[in-house]
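Across the two complexes that follow, subunit A remains constant while its partner is subunit B and subsequently subunit C.
After this line comes the complex of A and B, so read on.
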């Protein structure tokens, strides 16, 4: 099981949309992932350490270095394959490398 | 989609000649406040959020030559209702790109999302995305000038 942290800026809950899209697509591709959705300002270093991959809407300034792979997931929000597929492919590549 | 489209009302469709974010945010917030749809802190919260988490949506991936949009919004606690105010700007205004905040894009269409419900917010965003990524609908918005025409384009079931 790969644990992913999705994050956005609060207000319209885009991280939930990222969560749903990542879970659906990775399941389709045969991977077991669990995605938690949070708002960027609630993230701290200890929280980040619980996850394998960080999937924010865009690369945020967090005030600490992120030690896990980052996939910028914003393009998924367009809900058009030309935008979303490169994100899914990148994520799949990382999952393969993690080899968990 | 139908649920989203019910959030558009003729009274909250505008064409303005504002030239800065602050101008148009202030103008629309004032109208929303007068209608009791937001509270007094809304304008500041809206601008503050736009600074930290910008909302410009680059529509060039949808089709070339399509004007860009933005979806200004803030937390539910500043809102008293659930509506979308739409603005067609006469002059494009620069916004930072939501998914790449170091990038600046010129924006022509603003969808102000006012939503007092803490849950169910993501459905509004995904339905709005469906509207913005529909090339035919966005082209129709370009050629619409009157409030009535714009309202019709936003409300039309399919393109």
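After this line comes the complex of A and C, so read on.
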């Protein structure tokens, strides 16, 4: 099981769309992932340490360095499959490397 | 004509009599199916909306049931008239989506978007269907005063057109703020950015009078890191509950109860908020598939919800610092009846501050504080409308005391709410006085936007020159 942290500005809309899309697509590709959606503001170092991959809507500047792989998931929100695919591919590549 | 209306009434009346939640369950499911969404997803969406409406009602009930009596004592013991409960954005969005008119305004706005794209009046394809409620609530506000659907629709169209134009204007700034390559299509039509023109007036004043202030800007990310959980939803609910309890001279037991109820309510509002965003999701997918099929081969920007700008820490630092300032202003501002609670983290304000000042944190905080009264007055002005609408869609128990009111302290588009009230009052009487006032206000609003558009075009030209030089 790969744990992914999705994040956006309010933690209710964009990040939940990212969560649903990532979970659906990764299941289709044969990986079991669990995505939590939160507000960017509420992320701290301790929270980040519990996840394998960070999937924010766009690259955030946090008060600390992120040690886990980052996948920018914003393009999922355009609702156009051709634009979301690179995000899924990148995520799949990282999951393969993590080899969990 | 009468026959048609009678026929329509006999057809729709039983549906309308079902109440808002069942009606919207049926309408939303049908509309999604019409947009070729799978029946099972369409029904899933419809059911989630009904559940969300009912859920929001339950949380409002918990919150006002506990806070309303305490707020009354608060008013009595402090003499400060803050009797309206601030429930934040989720209940207002839910209430608006609980009205069938929202589907009508949505339909009109999607049409406008298509027409503007075809005529090359905008480059933005708006896929943020959920946030159409922000214009719908403005239309509903006009109708609250005048019952005039035509006037409401005209105002919604005018603001809709301006929002699409604004989304194009802001695109280069987003690229700059978020390091997006030119190929990235992300932009947004969100209503909160319609405050940009007013913010820009003050920003230009800073350029002229206090340009040196930017030297004292601090690191926003570090501030946010230090604030940590103390700035999270439940923590804020706890402080404000305790604040009301202590100043309202409640017993220690009641004060603790208020604090925890405050925390619970703020968390639950956003949980229920996620239900009903996912309720609209199948319809959003249907409409976007339809739109992108129609617009195949055309290059455009894509308008999504605003949270992509939340990657900038200045937005949160400003919201965190403005929160206590807002509480202070609310206590002394004449004409304000709202005690900030659900809306105290001003995400309806700080994204616009970020775009106009481009992340100059001190300007954001100072101009943001100047804007706070506009939001509080607007929130106070719409409280009777919000409360009545909540009751009519069954999201608020109708049997509660007449003087219990709810509203939102930082609802996006405060200026536009005043425009809607003016237009509504004009439609009610068509008196000379209101006609002149409305024309005056709309003219001022449009002229300010035109001036702002010119400034943004200048800014965008500089971006272009930089790009060419690079």
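Here is the rule we use: the second predicted complex is superposed on the first by the 98 of 100 C-alpha atoms of A that agree within 3 Å, B and C clash if a C-alpha of one lies under 4 Å from a C-alpha of the other, contacts with A are read in each partner's own complex, and residues count from 1 in each chain.
Methods note: a residue touches a chain if its C-beta (ideal position, glycine included) is under 8 Å from a C-beta of that chain, and two chains touch if they have at least 3 such contacts.
All of these numbers come straight from a predicted model, not from anything done at the bench.
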Report clash or fit for the pair subunit B and subunit C bound to subunit A in the combined superposed model. clash
Would you sort A:17 into first (subunit B), second (subunit C), both or neither based on which partner it touches? both
In the overlay, answer first, second, both or neither for which of subunit B and subunit C A:77 touches. both
Given the superposition on chain A, which partner contacts more residues in subunit A: subunit B or subunit C? C
So, does A:40 touch the first partner subunit B, the second partner subunit C, both, or neither? both
A:32 contacts which: subunit B (first), subunit C (second), both, neither? neither
Thinking of the overlay built on chain A, is A:57 touched by subunit B (first), by subunit C (second), by both, or by neither? both
Once chain A of both complexes is superposed, is A:9 in touch with subunit B (first), subunit C (second), both, or neither? both
Superposition on A: which subunit C stretch among 115-123, 223-231, 331-339 or 457-465 collides with subunit B? 115-123
Dual-contact residues of subunit A (subunit B, subunit C) 8-14, 16-17, 20, 40, 57-58, 74, 77-80, 83
For the subunit C and subunit A complex, residues of the former touching the latter: 90, 127, 130, 178-180, 184-186, 221-222, 224-226, 228-229, 231-232, 270, 273-274, 277-278, 281, 284-285, 288-289, 292, 302, 304-313, 315-316, 347, 351
Residues of subunit A touching subunit B in their complex? 8-14, 16-17, 20, 40, 57-58, 72, 74-75, 77-80, 82-83
Interface with subunit C, subunit A side, in the complex: residues 8-17, 20, 37, 39-42, 44, 56-64, 74, 77-80, 83
Contact set on subunit B toward subunit A in their complex: 49, 52-53, 61-62, 71, 73-76, 97-101, 113, 115, 121-122, 124-126, 129-130, 133
